[in-house]
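Data first, discussion second: the structure below is written as structure tokens.
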Amino acid sequence: MRGMRMSNSIGTIFRVTSFGESHGRCVGVVVDGCPAGLRLSTEDIQGELDRRRPGQGSVSTTRAEGDRADLLSGVFNGHTTGAPICMLVWNEDRDSSGYEARRWTPRPGHADYTAHVRYGGFNDYRGGGRFSGRITAGFVMAGAVAKRLLSDALGVEIIAHSKEIGGLRASDLGVDAIRMNAQGNPVRCGDPEAAERMVESIMKASAEGNSLGGVVECHALNLPPGVGGPVFDTLEGDLAKALYAIPGVKAVEFGLGQEISRLKGSESNDEYAMKDGRIVTRTNRAGGILGGLSDGMPVTCSVAFKPTPSIGRAQRTVDIETLEEVTIEIGGRHDPCIVPRAVPVVEGMVAVVLADHAIRAGLIPTVMEVER
Amino acid sequence: MRGMRMSNSIGTIFRVTSFGESHGRCVGVVVDGCPAGLRLSTEDIQGELDRRRPGQGSVSTTRAEGDRADLLSGVFNGHTTGAPICMLVWNEDRDSSGYEARRWTPRPGHADYTAHVRYGGFNDYRGGGRFSGRITAGFVMAGAVAKRLLSDALGVEIIAHSKEIGGLRASDLGVDAIRMNAQGNPVRCGDPEAAERMVESIMKASAEGNSLGGVVECHALNLPPGVGGPVFDTLEGDLAKALYAIPGVKAVEFGLGQEISRLKGSESNDEYAMKDGRIVTRTNRAGGILGGLSDGMPVTCSVAFKPTPSIGRAQRTVDIETLEEVTIEIGGRHDPCIVPRAVPVVEGMVAVVLADHAIRAGLIPTVMEVER
Amino acid sequence: MRGMRMSNSIGTIFRVTSFGESHGRCVGVVVDGCPAGLRLSTEDIQGELDRRRPGQGSVSTTRAEGDRADLLSGVFNGHTTGAPICMLVWNEDRDSSGYEARRWTPRPGHADYTAHVRYGGFNDYRGGGRFSGRITAGFVMAGAVAKRLLSDALGVEIIAHSKEIGGLRASDLGVDAIRMNAQGNPVRCGDPEAAERMVESIMKASAEGNSLGGVVECHALNLPPGVGGPVFDTLEGDLAKALYAIPGVKAVEFGLGQEISRLKGSESNDEYAMKDGRIVTRTNRAGGILGGLSDGMPVTCSVAFKPTPSIGRAQRTVDIETLEEVTIEIGGRHDPCIVPRAVPVVEGMVAVVLADHAIRAGLIPTVMEVER
Amino acid sequence: MRGMRMSNSIGTIFRVTSFGESHGRCVGVVVDGCPAGLRLSTEDIQGELDRRRPGQGSVSTTRAEGDRADLLSGVFNGHTTGAPICMLVWNEDRDSSGYEARRWTPRPGHADYTAHVRYGGFNDYRGGGRFSGRITAGFVMAGAVAKRLLSDALGVEIIAHSKEIGGLRASDLGVDAIRMNAQGNPVRCGDPEAAERMVESIMKASAEGNSLGGVVECHALNLPPGVGGPVFDTLEGDLAKALYAIPGVKAVEFGLGQEISRLKGSESNDEYAMKDGRIVTRTNRAGGILGGLSDGMPVTCSVAFKPTPSIGRAQRTVDIETLEEVTIEIGGRHDPCIVPRAVPVVEGMVAVVLADHAIRAGLIPTVMEVER
């Protein structure tokens, strides 16, 4: 049977390489190309990691992962050295007992079947292996470095929240409301009222052995104009590529997204104006990007996640050894809705892409200017 | 003012490099990494190019471009040699007269302002220069090579059509209907009835000095399972990145796309079954991709375009020299709706990405097996 | 039979893509990632191209190539735009008559056999096709852009000459002597006396139907310290890789090169000193590179070329169709010694690599600062 | 002060990313793109690592490193999974006490000064940090995977030895002699008699507080013809780039190397012949490479190392804080000659490059064919 090669690196100068498996020894990343002299500590990484930790309240898996960031290289005396930064999280609470039994019966909606085909059956199938949502712990660690870099060098802030869960949509909110409210509820939604209904909906789905999807909305503030890399390395293209690496993503759009295709040109163009001595647009339907380049307005995107494929119901599949149709039921501990935990992952991947592009734009010095 | 570097190449092994400007001497591409021994002629390239040619009927620009494919290297005795294939289209009907006058007043919705910031004013601003839709002539030429390769080596077929224009949506169609009908109407829509309404809607918008957007839907048939490159080089991610290089794209989604985020897990999972001795899914909500890898079902995506930003109405902008707010009107010859001409461009970019991934998957030999 | 893919691009940010064949329509390059605002004209390119032109005196081929640089994109109003620069030379004096006859009998020392294996016989075999020294016309054009960039942005100067031909070695010369003398003789040697003997030696070899090799020595002056990209993208490594792309190169060394391996540590270390307020080394045995990074001293390398494999003598080979051993004689117009014409090619490739690394080092702005 | 970014990855499909510092917590690598289904165990890695271990006899440093390979990901049930393989060696015997004192006085011949400039003083200067020879432990681990892959898939064997130390040159040896003898003496030389003199010479230099350099010669056997990637990714170019990543290398040559430039064409061309039904060359002056592609003969290269720059003698340098000229003496435990320990490192880097190119050539399946 045929297989294929993985490509576990992303970025051109600020470059992230992912490794590790759900039920192996660890998941981690190597971040290469970070400028020297950036203040960075294990606590910086841990803070972001804590935001994606499972076991927080009733809406997520009960797998109890301590998820302690372990910083192996690239930081010396509290600053980055310019050398590659290797960070990982050791896997502790691994219960692999159930996976052997269902090795040959791929779960619908998971990568079990496609991974089996690709790697000729040699893939680590326990808990999805390389295809588990757990690898996003590494994405968050890389994102923590990128966020710190963007913040220290350019004052860029990245804020995401759950815009929609199970079809329940938050009201349209300014970034201030999101920043204030999103961390105060278990679904990480900027609209507290909608958040309550989302929680109820998740619990109801969970009780029914079902799962929900949703949409994460993300804003990047203060990015200077002119960042991006036409014609192929557009901001939209590189952000979309990075976001599609998060398991479960099925749509990525910018600004008004698909809605803008239903407007007329006179309704969709963002006109220019002067404000406080700067060129701005009067509206931001384009999501801060024109011609693949930032225009100085907030960069906004929406990322749609399908419902968690692991559900507590009987499902039809095929035994890939005997090629017989069979019915399976999936046990294990799973999130009925992955969206809240995906919020810091989306922020992290957006940060990784913007850090790379800001460096390519010459906006970040190769050695940070710090007082010593 | 700062600027930044372009990145005009895409792909890992089957690699496309774009060059040229709207009002320069030519637009073209170099395709590197194509297997040797592929039958290829200028006519193959020309056939695809003709499908995107402007000046076809009432719905597009009157700029009369002959757009003759010129094949400069990499083909010998009717077959590819394995060497880079340089192809270009010479620019003939260039009317650059109007552009000097509006050099300093960026058009809303265009890349005029962001390109100016990025290149410190050195960019070729005539007709959008590097940011013009005209560069997609090169994408189509590269796509023609990729399509031929996918077809000859794997029997993969790629079919797109205009799914929606100005909010008017075609009915849900099978691929056979699209293949039969889409080339028979000026809007390239697989639903002839919807096509008529779309044409009317475009002509109405055009008469009002306005423009429309829309959605192109694309299907890739017969792709074997296991193609793609997790964790970062997913099929979705690489397709999205390539599609966002087409000017005007603001959303890319796969399978049910954003709609799948509103379903429950029990409604969104595609169950497996056996059919004619092959493992298939009973539904294809995931658009033929799981874990970033093809699952053997048709790969389907939707690409949303914003309305053409060039409209015949007064618009407010800023003079970037004087920093004063001004009002402009844009003349010139523009498409009131770019969507029909984008159909072969979407097909071409999808083909380029799938060709690269199929090669990476080991599915295409490095020398084509041909009878000689 | 198996084949493989070419990789016709080099560089990370300042990136060169080569295309074209010896007896096809043209040879050319696309240079991507050049900063905007660099003064550049066809004459700049032509000047370098003229230095490698054949037909100059008795020591090179009589193939009469006008070799006019044709600049297709990326330059507007006398400056680079930041868009990809496509440049080519049209092939004019093509005499392909002799190649069909010896298609199946690979010439010893040429790439005929290896190219045939790799491309399954689909390669353009006329005049070596993609493997001809003629593709270095493209290298020289890319080098001309890189030289101009290095010179305007950093004052870096790159000077090469023929250090050795047919075992005849020039005396050790300072850069000033090389600059003054190397262009004044047909072998491009900085030592006029040695040059005379080299010319005689080439003419003698030519008369005997034989050929000579030699060594090109290259110096890059004024490169600031800290340029390079450990651990893998060292200056030595990237320069060597670029130089090995020139047909016929068999050894690349830096500073004292292989000689340094025969010294003791106390004889080979370059001690530091202060000079005019700058840190310098008292000697330059390391060739200006430590730890893969420039140290501020001249970067010096030596590139050894094997003798031209085309000789006017009977040689034994194998008919790859019949697998019989046969004897061939090669006609055609060939350089008895390629070294003099390789001098600007070596300079060009060194310039391409240093331009890329200087950009990566943050030493060259993304938009050139020019008076307008 | 300016700095720059590192690039710590090499390879296109079989891709190695290096991390770690001499006196940090570990040194390691991530190997991405290895086919699934390759038999691989910690013992395979350890075996290669043991060959470069210091503390073996009188000719190397007394730093006592256990250097136990720790395999973190990518291997499951004794086979590679196709996922990235993270391997590292924890640093145990770290004595960093001496480094603070000489932080500001760069050692001649080391990267202390260039690294300081590049990273603005943020680099981990202890023991050379990222520039230490210790990072080659990672190269050897990656090389162990590559060797296993080349051997299992293609029967390729890679054998190096110390050809020359301190100017003492081994006699010309066949590969069989090298294979039999090189591991049996502390200098890893295939010529036992020369080995004795080399040992004496090293001990004498060591006693005098001095150091020696030398040349490692490497042979790769059984590589099929047609492997390599013109025009820029030549076998010579990619091997040279990889080899220059080993600290101390100053010359890389292939086949006869610089010597071939002193021959005539009639003396340097390798004529073809038939042998056992295969096309071979009668001689191998080109080192098995023509046009950047393997020709089926053994690929041979020579790698020259400068003497270890750490010597026990007073040396002049500059205090980079005060800019005053000063004299330093270096203590610590250093190898008087690094060449013997570099033998497995050279083999490893050659293996990494050949594995990548063999995969690119389509010669290695994406899933290994194994009996299960």
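Residue numbering begins at 1 within each chain, and the chains themselves are lettered A, B, C and D in the order written.
One rule holds in what follows: a contact is a pair of C-beta atoms (placed from the backbone, for glycine too) under 8 Å apart; a residue touches a chain by one contact, two chains touch by 3 or more.
Remember, it's a predicted structure, so these values are computed and weren't measured experimentally.
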{"item": "Chain of greatest Cα-centre distance to chain C", "value": "A"}
{"item": "B-D or A-D, whichever has more C-beta pairs in contact", "value": "A-D"}
{"item": "Whole-Å gap between the CA centroids of chain A and chain D", "value": "38"}
{"item": "Mean-CA-position distance for chain B and chain A (Å)", "value": "27"}
{"item": "Centroid spacing, where centroids are CA-atom means, of chain B and chain D in whole angstrom", "value": "45"}
{"item": "Junction residues of chain C - those touching two or more other chains", "value": "2-9, 12-13, 18, 118, 130, 360-362, 365-366"}
{"item": "Of all residues in chain B, those that touch chain C in their complex", "value": "1-9, 13, 15, 17-21, 24-26, 28, 30, 32-33, 35-37, 72-74, 76, 79-86, 88, 118-120, 122-124, 129-130, 359, 365-367"}
{"item": "Of all residues in chain B, those that touch chain A in their complex", "value": "2-10, 12, 18, 106, 108-111, 113-115, 117-118, 130-131, 135, 164, 166-167, 205, 210-215, 224-234, 236-238, 240-245, 247, 249-258, 260-274, 277, 279, 281-282, 286-287, 290-295, 302, 304-311, 313, 315-318, 320, 323-325, 360-363"}
{"item": "Chain C-touching residues of chain A, taken from the complex the two chains share", "value": "12-13, 360-362, 365-366"}
